[in-house]
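Presented sequentially are two complexes of subunit A, the first with subunit B as partner and the second with subunit C.
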Partner chain A sequence: MAAVRGLPEAPPIVLDTRPAARPKRGHGPGGRPVGLSILLWVGVVAFTLLSVFPYLVMLSTTFKSGQELAGPAHWIPDHFDLDGIARTLSDPSIWGYFKNSFYIAAGTTLVVLLAGIPAAYVLARHEFRGRKLFLDLVLITQMFSPVVLLIPLFRLYKEVGLLGSMEGVIIAGSAFTLPFSIWLLTGFFRAIPVEIEEAARIDGYGRFGILVRVILPLSIPGLVATGMYAFIIGWNEFIFAVTFLTANPANQPVSVGVFASIGKWDIDWQRLMFMAILGTAPVLAVFAAIQKQLDRGFASIASGR
Partner chain B sequence: MASVTLSGVRKVFPNGFQAIRGLDLEIGDGEFIVLVGPSGCGKSTLLRLIAGLEAVTDGAILIGDRDVTDVPPSERDIAMVFQSYALYPHMDVADNLSFGLKRLRTSREVITRKVGGIAGALGLGELLARRPGMLSGGQRQRVAIGRAMVREPIVYLMDEPLSNLDAKLRVSMRAELARLHVRLGVTTVYVTHDQTEAMTLGDRVCVMLDGVIQQVDSPGRLYREPANAFVAGFIGSPSMNLAVATVDGGDLVVGAHRLTLSEAQLHRTGDRTRVVVGMRPADFGLRPVDVQAHEAGPDHRVARLIVKAEIVENLGSEQMVVFVVEAPRYHVGPLAQSADDEETLLADPAHSRFTARLGMRREVRHGEAFELYFDLDRLYLFDADDGLALVDPAIGSQDLATVATGG
Partner chain C sequence: MTSPGRIDRATAPSIGAERSAQRSAVPVSTVGRSSRPRRRRLDSAYLYLAPAGLLLGFVFLYPTLQSVWLAFQRNKGINDPGRFTGIDNFVKLWNDPLFWKITGQTFLWTVGVVAITTVLSYLLALILVQQFRGKAIFRTLVILPAATSLALSAVVWGFAFQPANLVNHTLALFGPTKGGIAWLANVPQAWVALIFVGICVSVPLTGVMLAAAMRSVPRELYEASSIDGASRVSQTLRITLPLTRTMLLITTLANFVVAFNSFPIIFVMTGGGPVNRTDILATWLYQKGFQLLDFGMASTLAVVVLGVLLVLSLFYVHLLIHRTKVG
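And then the complex of A and B:
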């Protein structure tokens, strides 16, 4: 074959007819050493068992009678005792707990989205001095333990009359849910090309119009993820609820209801565990639904913005 | 339709970067002007200033007789086509086209009529119910142009609208844009870094570098009469060969080659001993007759150079021959990053690589020493320090054109 004029002669093309390369000795098909693969699998299985363990305990205990529970610990119940379930379901007050949990979770979601969307939009789209520092400060608030603020908040709530109200729990819970939500939303908003907003500006829309008609419709996956995250946190709310709602059992959520199974003299383990299963089921379902979006949010935090 | 006037426009970004440094430009009513230059030259910033997407630091922008310097984009009566098209991904084509009209509270019948008309004209009729994600690159491009047209603006602003298309589609869309401009006759400001687009589309081309206009002229004049070495090197493909040469008596010494300057050329060099010489690749020939202009008189001067072909690129209808000239390379700043990367990679500062664009009368072989002819009246001369074209102060720039074209 003649070389292309003026260019160095190209090396001849040789067809490689050897069989495809096998993984190196001691390496798996993914190219990872077999030893490391085994180690990873052992780690994953151990971590999964650790995470699932409480649920297995909850499930196992729900079906064990008081007598059996008093005996030596074992996984599979000798006979499946459904008394605890019947006893819990026949108690009309548990539906009140669920209603309250839903109210607190939905309220937290609403407050977080209403406050978080404008905050995140500004942080995503406006370059201002100290923007990065502000974002970091927002996240630092997440590091405060709510317990530290319980007593001051208790006194404050007593002053303003929020003690015993679910709204008080929503406000306190939202304050602790907002920082991460703002980060999540900022990441989602920043992913939208700025030219789309500019096109809308030329089309005659102002900041609010662009937010409502362009940004929010394009961020629905992000809004759903953030909303569900806030919902989970609101649903799981315990420390504020148990502190602020002690005086008003009618407003207590499921988390406090589970806690109420622990009596002064005895503990109704079957009821406690069944309530715990009922209480965590919605959270599990929601978490499974938004896991991917949450991963994206964490990734945006890990990458620095 | 309207003219666009920029006077004393300056743009400094908050980080202190001066993107536009005091710029004056008059764009005529119905004119198609192309802003061209290497990355970071300020062409896109200038377009965004006209659009109102960026605020000017100093100066004024007039559209028609109206000062729009502080007017928001939507009230400037402009439409913009973005490089990324910037279509609304959550809306179908019909909604993309009508989004701006809805804001203006246009009646439903008018919207339907206008959108239908545009869709018909751009061949989007079948696609009205589709979302941008379901369209090809060319179709998205049409929707973006349609969205601009539906506003019936008095000025179109286009920011590299063809750069996301594949090469073949780009050529056909370029022709369509040209036809569209002829049909609509609306003032258009078009940004590109592709000089072929600039030369083929623009009534006038504005070459920019570092936030400063280098030259605004018709494509033909830009090619024939570059105002400075940057423009000379930027316009034309392959780009003009530039090297530092010395003036010795009546001769111009370019490495090992002595080129006899005419009386007029010598006059233009003044008392300089160093100049930058420019030779267009297309002005070389394999025979003296190849480089003679039709109107050349009996005193026509042709230089004969013996050179050695370093690289030969055979394009079928013509061949690009690269040869080394032992004269210092002339640096045209950011040009190195743009068009001819290959040439830049090969070059070292002490040597220049010249390209000759030759016919296929005889195939030049790699490594071959051969005779090359050049019409001496087509030499370009620039100041070695500021790069400005050397013009006879007594005759003016008009004459440069005559000399350069060999007349």
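And then the complex of A and C:
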């Protein structure tokens, strides 16, 4: 991988000149001075605390009864109260929220993959008139915020009957997820050696045959990663859902359900935080699973391909 | 970028001919397309782009044109047929002191979030390329906020920032604070809280992307320079920083656009209050459109927001291309 333009690729032998006994740590060879070690650990602790703070708040609050929450703030619950969890799980409307979140996330994944795979494939492998124009247009969509499109989309959806439906949220959310997904997929498709494709072509496969029988089987990890990325975005969808589904609470996902309940007078924070945990846990698991593939995607961006 | 395409273009005619010759003998998946190789090549590329193109056209192109159309109308809500008023909306916006105030707040918010995020993410990336015990766990924990719904994060942070709640409690552990700070009730402390949350949610992904860029810097450069006696700090400043500049520019632009357009954090935590003092253009636009049902003015604002972003981004991309060419 020629990572940096203008730099000659170093011969691989260079690596062998390093003394074998020295542990390889960090960027350069050699150990780390004590001062830097301290700095490193200060950084590690600080970033960890900032990252986990909201999750600790969720956990801590989930186990505190309303009475305890009304008292002075503290982190460790006095007596771990499980009533909030029971109240949440016994409420049938909670499952509705989850079903909706899942439907929207799965729908977004499907639409993004169906639209993204063919586009990424021709963009990765073929030269055609308008290719650069398409890429530029895709780049420009990245400037858009969902907010600036809400009013025209609202009107359009009312006209075509998508207002209040989860499909409307899926369509809008997919369009915003598509550009980065195409980018990711293009990187994964490019990583497949052209020679394999050439061989398939000589065997008589057309473009569609090559895509389905050669490219897709070879890029399953990439497809899974992109699909999961779309799933996470769909699961976390908020702004379209809160706008288009206001009039139809039966179709609202978890994020909107939680938000809707903080507008009320008497907020049951204990129950709300457990809902937030339930609404966060699945995507965190998915995200942990695709970290490596996303890293590869970022690396390909970093190397300027 | 061009090499696969080029190979394809060079070899396509002969292979195409070969393929169609073979096809008559062995019927493989023909997908019902024309059998003339050149035409098929052209047609099918667009066919493959069609689903993505249609989706983007439906969600981006048509609504953008609609927005521009509505921006020149007096239009109060979904059932109003609308009346053309020329540039009245733009004049009204220009003369509205609140517009300028909120524009100022938008830049305060955006620059605050992006500047601090960039610095912290760079530090995070420097940590992420080190080897240390527990790194795998650290990596996983630190990236979590990137996968969490912004709306849910904002609800939780908003709860924690209540005066008698966990943020003040935690601050009090580190030193005496005069009573509880009413974080979200007034400015400027509401901005401190909002920008803080804005930073917390954008640092993880930015840090991971910068770390990816750092990993693509050839190791040999560090080895050569440490033979020359360069310290780690000077290696970071003289090798890492210049060679990750492109990614730094990309992430800064991306964060700028995201922060400028940011909606859930402010919408959920303060709703723009008290009295518009924590509004940014995006949240103000939402209020105008869906709380005051002034579709005309909201669309005018949308066009202004898009215009500002487009100009700033083009300027930035120009800078980026120029810089990286020089570098």
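Structure notes:
Definition applied: the second predicted complex is superposed on the first by the 261 of 305 C-alpha atoms of A that agree within 3 Å, B and C clash if a C-alpha of one lies under 4 Å from a C-alpha of the other, contacts with A are read in each partner's own complex, and residues count from 1 in each chain.
One rule holds in what follows: a contact is a pair of C-beta atoms (placed from the backbone, for glycine too) under 8 Å apart; a residue touches a chain by one contact, two chains touch by 3 or more.
Remember, predicted model here, so these are calculated numbers, not experimental data.
Between subunit B and subunit C, C touches the greater number of residues of subunit A.
Once the two complexes are overlaid on the shared chain, A:Thr141 sits against subunit C while remaining clear of subunit B. When the two complexes are overlaid on their common chain A, residue A:Pro152 makes contact with subunit C while staying clear of subunit B. In the overlay built on the shared chain, the residue A:Ala247 is in contact with neither subunit B nor subunit C. In the superposition on chain A, contact of A:Leu133 is made with neither subunit B nor subunit C. When the shared chain is aligned, subunit B comes close enough to touch A:Ala199, but subunit C does not. Contact with subunit C, but none with subunit B, is seen for A:Ile171 once the two complexes are overlaid on the shared chain.
Once chain A of one complex is fitted onto chain A of the other, the partner contacts of A:Pro33 are limited to subunit C, with no touch recorded for subunit B. After overlaying the two complexes on the shared chain, residue contacts for A:Val214 are found with subunit B alone; subunit C is out of touch.
By the touch criterion stated above, A:Asp295 is placed in contact with subunit C alone, subunit B being left untouched. Subunit A residues 4, 7, 127, 198, 201-202, 204-205, 209 lie at the interface with subunit B in one structure and with subunit C in the other. Residues 1, 3-4, 7, 10, 14-15, 17-18, 24-30, 32-33, 36, 40-41, 43-44, 47-48, 50-55, 57-58, 60-61, 72-75, 111, 114-116, 118-119, 121-131, 134, 137-138, 140-156, 158, 171-172, 174-176, 178, 182, 190, 194, 198, 201-202, 204-209, 212, 232, 235-236, 238-239, 242-243, 254-256, 258-259, 262, 269, 272-273, 276, 279-280, 283-284, 286-288, 291, 294-295, 298-299, 301-305 of subunit A touch subunit C in their complex. Subunit B contributes residues 14, 51, 53, 72-74, 78-80, 82-84, 86-90, 99-100, 103-104, 147, 151, 309, 311-314, 321, 363-366 to its touches with subunit A in the complex.
Of all residues in subunit C, only 1-2, 4-9, 11, 15, 18-19, 22-23, 26, 28-31, 33, 41-42, 44-49, 51-56, 58-60, 62-64, 66-67, 70, 78, 123-124, 127, 129-132, 134, 138-153, 155-160, 164-166, 168-170, 200, 203-204, 208-209, 212-220, 222-223, 225-226, 232, 235, 240, 243-244, 246-247, 250, 254, 257, 260-264, 268, 282-283, 285-286, 289-290, 295, 298-299, 302, 305-306, 309-310, 313 touch subunit A in the complex they form.
Contact residues of subunit A toward subunit B in the complex are 4-7, 127, 193, 195-196, 198-205, 209, 214, 217-218.
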